[in-house]
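In the two complexes that follow, subunit A is the common piece, with subunit B as its partner first and subunit C second.
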Partner chain A sequence: MSYVRVIRLRKIGDFLLNAIIVLFALAPLLWGLSSSLKPANRILQVPPELIPSEVTFAHYETLIENQLFHYMANSAIVSAATVALCLAVGAFAGYALSRFAFPGRNLVMLAVVTVMSIPIASLLVPTYTLIANLGLLDTRTGLVLLYTAYELPIVIWIMFGYFNTIPRQLENAAMIDGYSRFDALRRVILPLAGPGLIASGLFVLTAAWNDFVVAVVMTSAEAVRPLPVAVYFYLGFFGREWGPLLAASMVSIAPIILIFVIFQKYFVSGVTGGSVKG
Partner chain B sequence: MRAWFQRRRKGASRADADAFALRLVAPALLIEFLFVFVPLAVGLYYSFHSVRFFQVGRFVGFDNYLSVLTSPAVLNSFAVTAVFAFGSLILTFVVGFALALHLERDGRVAVFMRAVVLVPYVISMLVGSLLLKWVLSQDSGVPQTVLGPLGIADFSVFADSSSAMAALIYNAVWRDAAFAMIMLLAGLKSIPLELYAAARVDGASPWYRFRRLTLPLLKTPMLITLVRLLMHFVNSLTFQLILTGGGPVNKTETVALRTFRLGFEDYALGRANALSFVVFLINVCMIVLLVKLFKPTEKLR
Partner chain C sequence: MTDVRFSRVRKAFGPVAALAGLDLEIRSGEFVSLLGPSGSGKSTTLNLLAGLLDADSGDITIGGARVNDLSPDKRDIAMVFQNYALYPHMTVFENLAFPLRARGRAFDETQIKTKVEAAAESLGVAALLARYPKELSGGQQQRIALGRAMVRDPKVFLLDEPLSNLDARLRIRMRRDIKALHDRIKSTIVYVTHDQAEALTMSTRIAVFDQGHLQQYGTPNQIYHRPANMFVANFVGEREINFVNGAIAAKDGKANFVADGLTLNLADEKRWRNLRAGKAVLGIRTEAIKATRDDTGVSAIVEQVELVGPELVVYAAVRSAQLSCRADLNADLKPGDKVRLTFDPAHFHFFEPDGGVSLAGIEA
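Right after this comes the complex of A and B.
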C-alpha cells in the first residue's frame, strides 16, 4: 500500500471515529431538544421523527405559566452570590498559602485537599441535621453558604496555583514604594490574577447552577426553589408529559452550554484543579 | 474590612507576615469549619442516639450502626454499589483514556472534539440523567425502533435488573469519560516530547513507546483519576435517583440512595447518620490515598 493511501485511510478512519463520538455525546441532548419542540401528540409517536415536521413552542409557554422565570431567578441569585463569596474568600486564602510559610500552613493545605475530596453526598444527612437546627432550611442563604463551603477548596487550590506563577518581586517592589501588604495584594497582584479568578469563578458558577442534590434536600418551599429542583418537581407534576419536562431541561442547560462554548479553556483548568503534576 | 487587614501595617517582621497570612485564611477556615466539620460532629452525635424526627432521644451506643449494618436493604445496597462503582470505573477509565490518546494532539479538530465530549460533563447531572431516561424509555420510541428488528420491541430497559444497571453504568460513562479524558490529557501534556523523539530514534515501536514511556510516566495522574472517579461513583446519587429510582424493586439502589431514603423519606436520622458515617469512613480511606498522591504538605518553594 502506498504511503498516500495509508494516510487517506487513516483520515477516513479518524473522521468516522469522531462522528461516532459526536453522536454518542450529543444525541441525547439533540433528541431532547427536537422532542421539546414537537406538539404533544407527536412526541410519543412510534417510529419517532428525528426532526420535528411541525415546530411549536407550546411546552415552553406551559413552563412560563408554571413560574419558570421565578425558579431561574432563584438559581441566578444563589449562583451569583456563591461566586462572589467564593472568590472573595478563596482568593485571599490562596494568596496566603502561596506567599507565606505561616504556622499551620501545612494543616490548611491538608484541609483544603481533604475537603476538596469529600463527596458532598456523604455529608448530606449530617448537613441537613445541622442546617435544620440552625433554621437555615428553605433559605437561599443556606444554599449559598453550603455551596461556598463545598466549592471554596477548589477555588483556593486554583488561586494558589495561579499566584505561584506571579513573581513575588512585584509585591516587594510595591511595598518598597510604600504600599501596605494588603494594598500590594489588592492593587498589584489581584488585577494580575484575572485568568485564575475567571477559571475558578466559572467552575463555581457551573457547580452552583447545576446542583440538584443539595438543593432538593435543603429546600422544599416554592419561594426559594432553584431551577434543577423545579425540573425534578415537574417530573412528578407532568408525569409522562415529556414536552414541558424536556423543555425545562433545555432551559436549564442552555446558559451553561453557552458559557462553556465561550470560555472552554478556563473550564479545563477548573476540572483538573491543577491536580495533575505528573 | 480594610482596617482589619491593615491593623499591623508597620514593619515587615516575620510575626507581622504570619498574622497577615492568618487573617487572609481565617474566613475560609471559618466557613469550612462551620459547614463541613461541624456537620460531621453533629452527625456523629446523632448516630449514637435514638432520633425520632428531630427529637434527639437517649444514648444508644452502637445500636444504630448495628441495625443499619444488619439490615438486608443496606447489605443489598453495598453489593449494588460495588457492581455499579467498579463497572463504571473500569469502563469510564478505559473510554476516557482512549479519548485522551485519540485527542491528544492539538489541532482544530481535536479541540472541537474535546469540547463536544465535555458537554455531557458540564451540564447538570439531573438533566443528563433525565435526557437518558427519556431516550431509553418506551415513550421516546427509541428502544422500539432499535430493538424492533430484533423481535423484542416491548423490552423495557428499566424493568429488568441487568439492563437497568447497564443503563446506570452507561449514564456514568457518558457523563464522566470526559473527566477522565481531561485529567489524563493534562498528564500526557506533562510528558516531555523529547523522550518520545529519543525513543523513536532508538527504533521503539508505538506500542513499546506507550508501554515503556507513557504508562510509567502517567502513573500518578492515572491513580489520581482512578481514585477520584471511584469516590464519585461510590457516592453518586443523581444517576440512581433520576434514571432508575433504585428500581426495579431495589436492584439498583446504591448506598448513597439508601442513605438518602433513610434520611429524607423515612426520617430515621439516627440510622441515616450512622450509615453516612460508615460510608464516610470508606471515603476517608480513599481520601488518604488521594492526599498522599497530591502531596499538599510539600515545602513552600
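Right after this comes the complex of A and C.
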C-alpha cells in the first residue's frame, strides 16, 4: 500500500472520529436551540425537525415577562465582581510567588494546589455556617466572596506560571529606568501578562456564571437569585413546558460561548504559557 | 562627581560566597570592565551596584553617597541587559521614552520627543522609531537598548554582557561604537564581560574576577603585560598562555630559568635580575615564542599547525611539555618537523608554584 493511501485513510479516520465527538457534544445544544425557536406544539413532534419550519420567539418573550433580565443582571454582577476580585488578588499573589523568595513560600504553593483539589460540595456546610455568621446569606456579596475563595487558587496557579515566563530583566529594566516595583508591574509586567489574565479570568467567569449548587444553597430571595437557579425554578413554574425551559438554557450558556469564541486564542496561549516560549 | 566605590562588600547566596569582600574604586568618567568567567562575581558586582541585589555587608557609594539602601529607581543609573530587555508591547519610540516618563522626571512631551529623536539619531536608529522590538534584528535591538540607557544622561552606565548575543563581526563593530559613545558622553561606564578582547579594547581599567575575589585591577596594558597571578595571565589573551614548571638558578654567575629540555637566559632583562633562585612557573604567551628552521634556539618537534591569517600558530613539543608559538607563513611547517624556538625574555612572567602569585610584581 502506498504511503499516499495510508495518509488519506488516516485523515479520513481522524475526520470521522472528530465528527462523532462533535456530534455528541453539539447535538443537545443544537436540539435545544432549534426547539427553543419552535412553537410549543411542534417541539415534541415526530419526526423531529432540526431546522424549524416555523420560527417563533414566543418562548423568549415568556422568559422576559418572567424577569429573565433581572436574573441575568444578578449573574452578570456576581460574575463580573468575582472575576475582578480574583484577578486583582490572584495576579498579585502569583507575582509574589513567582518573584520573591520568602519564608513559607513553598507552603503557600502547596496550600494553593491542595485547596484546588477539594470538591466544592464538601465545603458547602462549613461555608454556609460561615456566610450565615457573617450575615451574608442571600446577598450577592456573599456569593462573590465564596466564588472568589473557590476560584482563587486556580487564578494564582495560572498567573504564577505565566509570570514565570516573563523575564525578570523586564521589570529590572523598568526599575532601573526609574519606576518603583509597583509601577514596573503595572506598566510593563501586567500588560504582558494579558493572556494569563484572560485565561484565568475565563476560568473564573465560567465557574461563577454556571454555578448552581453554591447559589441555590446560599440564596433564597428572588432579589439576588442568579440565572442557573432561576432556570431551576422555571422548571417548577413552567412544569413540562419545554419551550421556555430550553430558551432559558440557551440564554444561560450563550454569553459564555460568545466570550470563549472571542478570547479563545488568548485562552490557549494563557493556559499553555509555561510550556512554549512565544 | 560620579565615581563609584565598593568598600569591603560581601554577598553570599546560601553557603556560596559570590563576592568575598570587594574593594573597588571607579573614577568619574572611567570605562571599567569587570572581567571573569561565569560565577566569578562580576555580574553580582554589577547587580549590587544597580540595586537588583542587596549586599550582605560593606558600603557601595555612587558620587560619594551611600546607595546600599536605595532602590534601583533612585540611584540614577542606566543599564543595558544581555538580552536587551526591551519592552515588547511598546514601540521603539515608547521604549526610548519610557525612562523619561518615570515619576519625578518632569519632561513635557516636546522635550521627550526631542531627546528620543536625538538619541535615535546618534545611534542611527531614527528610521525604526515606529517599529516593535520583535521587528528588529539583534544588532538593532542592541542599539535601542543602548539608546534607552543614554536617553536621560544617567550618572553611571551599567552594561551586562551587551554584545554576547551578537555575531562575531557585529560584536567587533559594536565594540568601537560603544567606545566612541563613551568618548562622546564621558559618563562612568561599568561593563561586565567574559570576553577578554572586549575588555582589553574598550576599557580604561579592567577588574579581573575569579571565584568571588578581585584578582587584579589595572589598565589593559598592566593586565596583559603584568598579570598579578597565573589566573589573570591565563584568562587574558586570545589563547591559553604556556605554563612551564621549572626553577630559577644561577649558572656561571648569571640567572637562568631551567626546565626539562629548556635553559633560558634571564640576565639581559633587568626585571628578572633580582629574582631569587628557587622553583618557579614560567608563563609565556604564544606571540613571545617564535618557531624557525634556524640553527639556534631550543629544539622542539612540531605537533600541530594552525593558520591564523597573517602567521601560523605552531604547537611544538619540548620533551614532555607542549608550547604554542608563532611562525612565519612561509616557514611551511608540518607536524613532525624539527624546529628551533626562540624566546623573548621581555614577555616572560614568573609565578610562585604554590598560589600562582607573580614573582616580579605588577610594576613596570
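In this text, the second predicted complex is superposed on the first by the 247 of 278 C-alpha atoms of A that agree within 3 Å, B and C clash if a C-alpha of one lies under 4 Å from a C-alpha of the other, contacts with A are read in each partner's own complex, and residues count from 1 in each chain.
By definition in this document, a residue touches a chain if its C-beta (ideal position, glycine included) is under 8 Å from a C-beta of that chain, and two chains touch if they have at least 3 such contacts.
Since the structure is predicted, the reported quantities are computational estimates derived from the model, not experimental observations.
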item	value
Touching partner for A:205 - first (subunit B), second (subunit C), both, neither	neither
Which of subunit B and subunit C A:87 touches, first, second, both or neither	neither
Residue contacts on subunit A - larger count, subunit B or subunit C	B
Contacts of A:197 with subunit B and subunit C, given as first, second, both or neither	neither
Subunit B versus subunit C as contact partner of A:224, first or second or both or neither	neither
First (subunit B), second (subunit C), both or neither touched by A:180	both
Partner chain(s) touched by A:25 [first = subunit B, second = subunit C, both, neither]	first
Partner chain(s) touched by A:72 [first = subunit B, second = subunit C, both, neither]	neither
Touching partner for A:214 - first (subunit B), second (subunit C), both, neither	neither
Subunit A residues contacted in one complex by subunit B, in the other by subunit C	175, 180-181
Contact footprint of subunit A on subunit B as seen in their complex	2, 5-6, 9, 12, 17-18, 20-22, 24-25, 27-29, 31-32, 34-36, 38-40, 42-44, 46, 54, 99, 102, 109, 111, 113, 115-128, 130-132, 134-135, 139-142, 144-145, 174, 179, 182-183, 186-187, 190-191, 217-218, 220-221, 224, 228, 231-232, 234-238, 242, 256, 259-260, 262-264, 269, 272-273, 275-276, 279-280, 283, 286-287, 290-291, 294, 296-297, 300-301
Interface residues, subunit A side, partner subunit B - complex	14, 17-18, 21-22, 24-29, 31-32, 35, 43-48, 89-90, 92-93, 95-97, 99-106, 108-115, 117-130, 132-133, 145-146, 148-150, 152-153, 156, 164, 175, 180-182, 206, 209-213, 217, 228, 231-232, 235, 240, 242, 245-246, 249, 252-253, 256-257, 260-261, 264, 267-268, 271-272, 275-278
Of subunit A, residues touching subunit C in the complex	167, 169-170, 172-181, 183, 187-188, 191-192
Residues of subunit C touching subunit A in the complex	50-52, 71-73, 75, 77-79, 81-83, 85, 87-89, 98-99, 102-105, 148, 152, 158
